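Each structure below appears as structure tokens.
Next come two complexes, and both contain chain A; in the first it sits with chain B, in the second with chain C.
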Partner chain A sequence: MDPTLLLAVNALAGGLFLLCAFGIVTMRQVRGCLNLFIAQSLLLAASAFLLGAAFDSWHLVGVGIVNLIAKPFVIPWILRRMLHEEIYARREIDQAVNIPTSLLAALALVILGYFLTLPILEALDPASRLGNVAIGFAGLFLGAFTLAVRREAVPLLIGVLAMENGAFFAGIAMSRNLPFIVELAIASDGLILVFVVGVLTRMLHRRVGSTDVGALAALKEGEP
Partner chain B sequence: MAERVLFNLLQVAVVMAFAPLASGVLARLKERVQSKRGPSVLQPYRDLWKLFHKDEAVSEDSTWIFRFTPYLVFVTPVFVVLLIPVLTSYPLAFAFMADMVGAGFVLALGGFFAALAAVDTANPYGPMGASRTRMVGFLAEPVFVIVFFTVSYVAGSTIPYIVQKQWVASASNFFAPSHVLLMAAFVMLILAEAGRIPVDSPEGHFELAMIEESKALEYSGRGAALMKWGGQMKFFVLMCVFLNVLVVPWGLADSQSVAEVLLAIPLVLAKIFVFILVLVVIESSLAKLRLFRISEFLGAAFITAVAAMITRVFAF
Partner chain C sequence: MLAFPLLAALLCWRARTPGIASGATLASCIAVLVLAIDTAFAALRGGTVVGVEIAVAADALSALMLLLIAVVATGAAFFSRGYMQRMREGPARLWFYYLNFNLFVFSMLAVPLLVEPTLVWIFVELTTLCSAMLVGYENTREALEAAWKYVALSLMGAAIGLLGFLVLFAAMQAAGGGTYTWEGLVQAAPRMPPALIETAFLLVLVGFGTKVGLVPLHTWLPDAHSQAPSPVCAVLSGVETTVILYVILRMLPVLDAVPGVDLQLWTVSFGLLSVGVAAFLLIQVRDYKRMFAYSTVEHMGIILVAAGLGSAAANYSTVYQALTHTLTKSFCFYAAGAALLATGSRDILAQRGLIRRSPATGASLLIGGLAIAGAPPFAVFLSEFSIFRAGLAEGRYIAIGLLVLFIAIGFFAVMRHVNRMVFGAAAGAAEPFRLPASCAAVLVVAAALVIVSGLYLPPPLHELLQRAAARMAG
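Let's look at the complex of A and B:
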């Protein structure tokens, strides 16, 4: 295959990855949020495959396979099993900041991500100076921003996972020979995280009747 | 040179002739998707014919703006057609008269006067619709600006004929993230500008919920026909810009032969038909947004356009 075309399609995956990250920050529905996370993970896997093919690196293909299994299929499956009504019954979730404002803040974060990666890119060898690095960092920041603006347990969890996606997206471009065992360890870490947060959220839901984590900031019931 | 002028006028004739057809096909297909029969695809032509043969009633309290606006709304898309590639891939006689920003301004002029005319009659629904269109308009403006900026940055020019060559130059240009993101942003813009479903419902006849339609409520007879036809042409022009400049600049005539230019007409119509199918899917699967959610919809379009710009300007 022609490496330039592979890298062009990889850049496209990067653009759509960024768009998914924006969507995760601003989506109103829990289910939409989860679907965007699935799409983002698929794009991450696609990017890993494309880079693996372009650079003849089996490690990256392995990263792609692990991601393809764990994130778009296993994690949503666990979430659906544990928190069915949280994902399907709730239509609207509120945010700490309104959506147009959070969009603009997200935009500023992306530009910050691009500027912060400039020195990192200079340290890399010319072949791996890809858009992936900057987009990955932007995804990391957007995931962190999701943690800041969301108040519900499930979108918060998706924010953490989106951060991880962003870190991986930058990582696959920076190092071709990421040891496979590290990748496996991180993927299983993510699964355990989902499992633990899922159990906690379920308990919270059972005891309080809602998973609005933002409401836990007040000491007494009824206070805003 | 004479040929180029002739082809340019042919473009205008094609747009004038087929714009109502495009609207008719869209309306019919939407009804079919919803398991209804729907009006004939020729219904817009019949409506225009009927309206042109009816008397026109103009309020005594209205000013010249009200009388002048239908002509302006009708003429501005025609001007834009002179500037954009509809049938040919090489620039025609008037192509260098103005660039894409100029074309955007000309289209905006029609919208501006339509809003003024709606306020002019003192019909209570007119000003409401006018202010809502302005709201949609000023939210759409930054998206337009960013899209045009990115497109001209990529192509190194703001003339649509030159931009169009850029995307098909190589496969990696076509798959460039900025290109795909721009397409997504522009689809959202077309939906907002043409008053299609997530933003406005073109079939709705409930005055309080109207955005685009309520501006033309006071017109009758010839004025209503011109407003209607102008709106259809504007929609057609937006689709032509989207398809021929941004997405699939194939199927256009490359040489000056008359046969090839004539052959381009069915090809362009086929492309527009495919795009209409996509629009039918979008319109049938989404619900109309509440008024204050429109800012979120266009905010998403803005973010998409800016993401396109970022991935292009900071490309490594």
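Let's look at the complex of A and C:
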């Protein structure tokens, strides 16, 4: 197929990827967050396939397959099994910052990410100068921002996973020949991550009665 | 070497009885210790011990880290025998503790053994995940809070570090490729674009700096290191932070080899910031385990400053400081664990007159406090002094002046707290307290290590340090 067409579709995937990251910051319900994360992971896999086709890289196709299996299917499956009522509770999850403010801050982070990547893009070889790099950095920042504003366990976990998605989104454009075994190991690492955090969240739920980790503030200096 | 902790973990999982679990853990730690010593001597003789081509290898710097991990893990495993039995949780969950302990040791050992940066990243992440359950083991509200903060912040840092390693790989490709190992990076470094390598290093510094407890992102560290069971604290604080810092140290020769990149400013200022903030926080702590945790933040800062100075002498003092910090800090946490057993409280004020109630505990706390704060006969003083000398030789007067000032503040803060804890009239009922035998044995051995290392450094160890320092120069 025509590489320019593939790259154009890839740019579209990148735009949607960023949109998902925005959604994860602002979504009001846990389930919505999870669905957006699934969409984001699908877009990541799509971008890997598109770039793989555009550059004839079987390696990227492999990355796409690993991502396609691990993130949109296995991770949500683990989460649903372990934390069923957490995800399907129909309630609003509160945020440290209100939604318009956090949207503005997120916008500022995207612009920051774009400017930060300019010198990096110049240093890369021309074939890698794709929108992916800037969008990946922005995704990473937005994930970190999600961690800062969210107060509930599951959305925080999704923030971490979104950060990893961002790192990979930049990674598939920059470092195309990363050994496949590494990709596989990182994906399985992600599964262990979800499992451990899931167990921890369950323990919290049993002990404290809620998963509002923002309310946990017993440990600090000064007067007890 | 990696097989032993895994085997032990498997045994814990299958057997589920505390006796077998702790025995297997101890046996595997001792086996690892023997192997680590063997690796260290092999590294001294032959330079680099290669396990699997371009995947597993150990040079002097790795061998030093392995040795430190093995020593602390063995001590902690032995200490756990007595300590964990006295704690609240029944033996039912003890196998779970040892299972995680072994997995944690396994993931830590893998970090210096692997030579491929992204694989190292995976195991750094695994250290977080395996130790999270250990931090939250006591299953109280506070312990879970600490575990949660620990996991959330460390994983955030890990994601940033991942991007850093991916950028590093891109830099490698831009330089024309090669094998993606620490060694290969140093070789390819002169051809790398400076912008990429700078970005990569900053991302790794911020990402892994989170896990090391460097200052803007240190907030989880005192929580996790104070809430975890004491033997785990000894491993977390004594050696895990050092191992993660090792990954940052591995980046430095790469940076040195790139023309036109000067990131020493970053490492030195990050380090100084950590030392300074930790020193002031040390003044106002009320919990002695948190005190030692802040002291870890301080020491990580000191090591980073030393690494940033960049001369051969400074490199030597960097690894020396890593060694002394590991030995001393793990001892401090054993002492803190003993104090916790003796009084059942983490509050500094509740410990008054500890030396009357339990002379062994009080004396170890005193020795530990003196040693970690950097009082003269102990090794930490010597390593800090060597940093001081190296800094003066480099002419970095401002950095060294600030460093000395902060260390002095930290010293007085620690001494004041230790003084209040150990001496004075005993608070409350002064019934004498007997330590479990295994805890007492660990305290004696660790104290001997701390005291002897201040007076005498065996020649092979000295040479290992020198070779490790040489590896940092690339």
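Everything below uses one rule, namely that the second predicted complex is superposed on the first by the 216 of 224 C-alpha atoms of A that agree within 3 Å, B and C clash if a C-alpha of one lies under 4 Å from a C-alpha of the other, contacts with A are read in each partner's own complex, and residues count from 1 in each chain.
The rule is simple: a residue touches a chain if its C-beta (ideal position, glycine included) is under 8 Å from a C-beta of that chain, and two chains touch if they have at least 3 such contacts.
These figures come from a predicted structure and were not determined experimentally.
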Clash or fit, chain B versus chain C on superposed chain A: fit
Which superposed partner A:120 touches (first chain B, second chain C, both, neither): second
Partner chain(s) touched by A:5 [first = chain B, second = chain C, both, neither]: first
Angle at the Cα centre of chain A, taken between the Cα centres of chain B and chain C once the superposition is applied, in steps of 10 degrees: 150
Contacts of A:35 with chain B and chain C, given as first, second, both or neither: neither
Touched partner set for A:14, first chain B, second chain C, both or neither: first
Partner chain in contact with A:179 - chain B first, chain C second, else both or neither: second
Which superposed partner A:193 touches (first chain B, second chain C, both, neither): second
Superposed arrangement (fit on chain A Cα atoms) - minimum chain B/chain C Cα distance in Å: 18
Where chain A meets both chain C and chain B, residue numbers: none
Chain B-facing residues of chain A, complex: 4-5, 7-9, 11-12, 14-16, 18-19, 22-23, 26, 99-100, 103, 106-107, 110-111, 114, 121, 129-131, 134-135
Chain C - residues contacting chain A, complex: 116, 118-119, 121-122, 125-126, 129, 132-133, 136, 139-142, 144-149, 151-152, 155-156, 159-160, 162-163, 166-167, 169-174, 180, 193-196, 199, 222-223, 226-227, 281, 284-286, 290, 347
Chain C partner contacts - residues on chain A that touch it in the complex: 116, 119-120, 122-125, 128, 136-137, 140, 143-144, 147, 153, 156, 159-160, 163-164, 166-168, 170-171, 174-179, 182, 185-186, 189, 192-193, 196-197, 199-200, 203-204, 207-208, 213, 216-219, 221-222, 224
In the complex, chain B residues that touch chain A: 171-172, 175-178, 180-181, 184, 295-296, 299-300, 302-304, 306-308, 310-311, 314-316
